[in-house]
Amino acid sequence: MAAASSDTAIRTGRVARAGIYLFLLLFALFYLLPLFVMGANSLKPLGEITGGNMMALPSDWTIAPWLSAWSTAQIGVEPTGLRPYFWNSIKMVVPAVAIATVLGALNGYVLTKWSFRGDKVFYGLMLFSCFIPFQMVLIPMARVLGLAGIAGTTSGLVLVHVVYGIGFATLYFRNYYAAFPTELVRAAQIDGAGFFQIFWRIMLPSSGPIVVVCVIWLFTNIWNDFLFGASFADADSQPMTVALNNLVQSSTGVKEYNVHFAGAILAALPTLLVYVVAGRYFVRGLMAGSVKG
Amino acid sequence: MSLANAEVRPVVTPKRAADMRTRLQGWIPKLVLSPSVALIFVFVYGFIAFTLYLSFTDSRILPSYDWVGLENYSKLFRLSHWTIAVTNLAVFAGLYIAICTAIGLALAIFLDQKIRGEGLLRPIYLYPMALSFIVTGTAWKWILDPGIGIENTMQLWGWESFAFDWIKNRDFAIYTVVLAAVWQSSGFTMAMFLAGLRGIDNEILKAAQMDGASNWQLYRRIIIPQLRPAFLSAFVILSHLAIKSYDLVVALTGGGPGRATELPATFMYSYTFSRNQMGIGAASAVIMLLTIAAIMVPYLYAELRERR
Amino acid sequence: MIRILTTTVALTAAPFAAFADGHSGDVEVLHWWTSGGEAAALNVLKEDLEGQGIGWTDMPVAGGGGEQAMTVLRARVTAGNAPTAVQALGFDILDWADQGALADLNAVAAEQGWDDVVPEALKAFAKSDGQWVSAPVNVHSTNWVWANTAVLEENGIEIPTTWEEFTAAVETLKAAGITPIAHGGQAWQDATVFDAVAMSTGGPEFYEAAFIDLDPEVLGSDTMREAFDRMAFIRENVDDNFSGRDWNLATAMVINGEAGFQMMGDWAKGEFVNAGLTAGEDFACFRFPGTQDQVTFNADQFMMFDQDGEVSPEQAALAMAILSPEFQSAFNVVKGSAPARTDVSDEAFDACGKKAMADLAAANESGNLFGSMAHGHAAPAAVKNAMFDVITAHFNGEFDSETAVEEMVTAVEIAQ
């Protein structure tokens, strides 16, 4: 890793650089377009949307849709807005991400530094588990949660997300730790350090970047999950995405598009925040390990 | 990498107490691994076995246990829908993976040229991955809709002949699904390639430059071959996203116009839950898993063998 | 490995007993009425129950006209955690009743005299084997046409009562440069139009034989081909941009005077009212030409899940509250539909609501009330969706009418 620097040795001419900037800016516009549509329409009164150009900026600016989406929009029979569901999502996401990350880190550590016969097969089976279509597991999962007595609870949801998060978490940590010098581990062992001591004192302190990658990945996926949240939550544990869906997907009622878009951006704020704040570490973390696999 | 993969053997010490400890040490890694292994076996492989079993039964609204043999499979392959869904997946996955990889690589290479404002551009490229398609689907639907979206805007701006109505066209609608999917994950692919590029040793590049290599040659001969692990990771993540694409289609086209953008994931959901034909849904899930295995097993085999 | 597999299968193979787990004194209600008006209407019910000391645990899951909620319901029942009451449509109720999961409401029904006031066609879905299993909330009729009165007057169009008058009106509008028919190209919307067109083309006997009895001869008949030909006419008279459009954006086209007619269920009325228009003055509602005497319907109901073999007092109270004339009137005024019992006063309803109630009563009397195929009240889900496939493929130009008729016969056969 020592030779890695934050940019390349490639030199480019002035014309080429202008072309590169143009290319990068065009793509930035492409990525921003849907956000613009959502943002602009969330600040318009409804009449302006259904009656006019949906790509235009508001002529009559209003923040009412945002306030409505957050605290007064009809989610079920009560006009609560998205606010109460925010906390439900947090209660589900934080433990799930923490547990899956810890398990992933330990698995990665075992699979690279404490190899045993058949470990590759385990790794392969774990990786393949990332590909299971979630629609398929709905019914058997419901049965298991029911038998375990945690159907309709936040703990049940945490379990589900941990199970389907382990695969990717293990993938990330295993590829990261594979590049970690084994001599250090061996030296510590000779000094009498045990399994957990090595993990705690040597592996974890250098795992920052990959923890960021793993947390971002898991956080995004679990926060945005709808299918499990809808199927395995009770009234008092429904996550944000289910509430957002209820806000947006009314079948035979008036559709308030401006409120929908405001709600969508509100629901995405935590993930957006995570991407913007941790995005720098994200690339650094990927760089430091996961793609070296 | 050879050092990194050397296995750690418990160090043998003469003392008995230490011997006990070593033996215990030998068990700890397996104990630590066991909860994950148990979870995966029950919740992934157990459920796959259960689905396999259901695909041979006449399950409709809820699982039933009346064996009907291969009937669901023969029905499945007689349905023109399934053929459409599978063909669409081939087109969709092929284009999606190829385009994401191309755009991701191009953006990463350009962003790697000491670009001013990289810190601003990077999150812009990455953020789509953070949004759920429940609502971005609506935004895309509007943008692509000729009556209110891009086409309309261009015409309002005076470009009268501008036409972009793919989403309304049975033969082209699947490409709009590709477009929205590329929007969502090409930035993420960019991040993976960028990380790979940043890991390349600049000394080698400088040496090659001394020898008079052009930029093009540098990329073709030295840099891109070194990105092989990034290509493989991108392939795994993109193919996993392609196969699971469900929200995207539901939000963007609802499988239409007609049935033109149906994918296996939407097919499976529709037969299992909307149409109360759980047996056929299970059969389609099994076929999907077999397809995934056909793609993934060779990759995993190559990947894991190389590490030995 | 083998043991784990067999255990898992055995676990899941255990009987799917459904026990509702609402706290005593509470009802947990799974529904998909989440938009402002309908949710507010449901709140009336909630307050009614709370007045009786019964708590209401709300469990809304929207999406796909209830499909998402039905998926959730299956997960909940499989987990042994069924809600007390669940909003459901048509055949879904009968399917759950067949699973033995629903409670017997006969005692409440007898006490309240439901049998005398609920239309026969509706009872076909609220009762299973002579046993009341659910409480109907409303009757939506689906063979409505909505029009902007100003547009009709400007073009000198009278409300059409036959297919011929309808085609003439469409041609007039087209000549005037107005999109004749506002339509959203989604399978269920195509099917909603097809429902009305088929009823108008072949009459009630044809409709019943084709969509309810699923008679292959009738499905493959020339009348069916004629119905598809008429669909092709409608296809020619929608705008280029119809596919994938939400129904309410199509309604907006009528409201804004860009389009002449929209064929849609009575929920479309809410959009007109919300835009500040008045029923019977600014916009017109009439039965699809040629179906003046018929009503095709779908009805939302609340089915009650069995709790240890009996109906809980809370469930009984909920069922009673749902069918009380006061709630029926209050709810349906907001929802745009007609009450599920025929003895409710129409005083609070607007012109379209009054007409809906009168039509419903008349159709019920004359045996002209039929379940809507497009909304799962004529044939089970598998058949319904198989028909959707053919109708939408034909509407989008994949099949011509000849092929569509043949496909209809085979698709229905495979799905049964």
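As written, the chain order gives the labels A, B and C, with residue 1 at the start of each chain.
One rule holds in what follows: a residue touches a chain if its C-beta (ideal position, glycine included) is under 8 Å from a C-beta of that chain, and two chains touch if they have at least 3 such contacts.
Only a predicted model underlies this, so the values are computations on that prediction, with no experimental measurement involved.
Shown here, the protein chains touch in all possible pairs. Each chain's centre was taken as the mean of its CA atoms, and the one lying most distant from subunit B is C.
Centroids of subunit A and subunit C (each the mean of its C-alpha atoms) stand 38 Å apart. Separating the CA-averaged centres of subunit A and subunit B is a span of 15 Å. Multi-chain contact residues of subunit A (touching two or more other chains) are listed as 139-141, 144, 245, 248-249. Subunit C has residues 8, 12, 64, 71, 74, 78 in contact with two or more other chains. Touching of two or more other chains is recorded for residues 42, 45-47, 50, 62-63, 273 of subunit B.
Residues of subunit A that touch subunit C in their complex: 50-51, 73-79, 138-147, 151-152, 230-232, 234-236, 238, 242, 245-256. Touching subunit C in their complex are the following residues of subunit B: 41-42, 45-47, 49-50, 53, 60-63, 65, 75, 78-79, 81, 141, 145-147, 165, 167-168, 170, 253-260, 270, 273-277. Within the complex, the subunit C residues that touch subunit A are 8, 11-12, 14, 21, 28, 31-40, 42-43, 45-46, 56-66, 68, 71-72, 74-76, 78-81, 140, 246, 248-249, 252, 256, 265, 267, 270-271, 274. Residues 1, 4-5, 7-9, 12-13, 16, 64, 67, 70-71, 74, 77-78, 95-96, 99, 185-187, 239-245, 380-382, 385, 389, 392-393, 395-398, 414-415 of subunit C are the ones touching subunit B in the complex.
Subunit B meets subunit A in the complex at residues 1, 3-8, 10-11, 21, 25, 28-30, 32-33, 35-37, 39-40, 42-48, 50-51, 62-63, 103, 106-107, 110-115, 119, 121-132, 134-136, 138-140, 142-143, 148-150, 152-153, 156, 183, 187, 191-192, 194-203, 205-206, 209, 215, 218, 229-230, 232-233, 236, 240, 243-244, 246-247, 265, 268-269, 272-273, 278, 282, 285, 288-289, 292-293, 296, 300, 303-304, 307-308.
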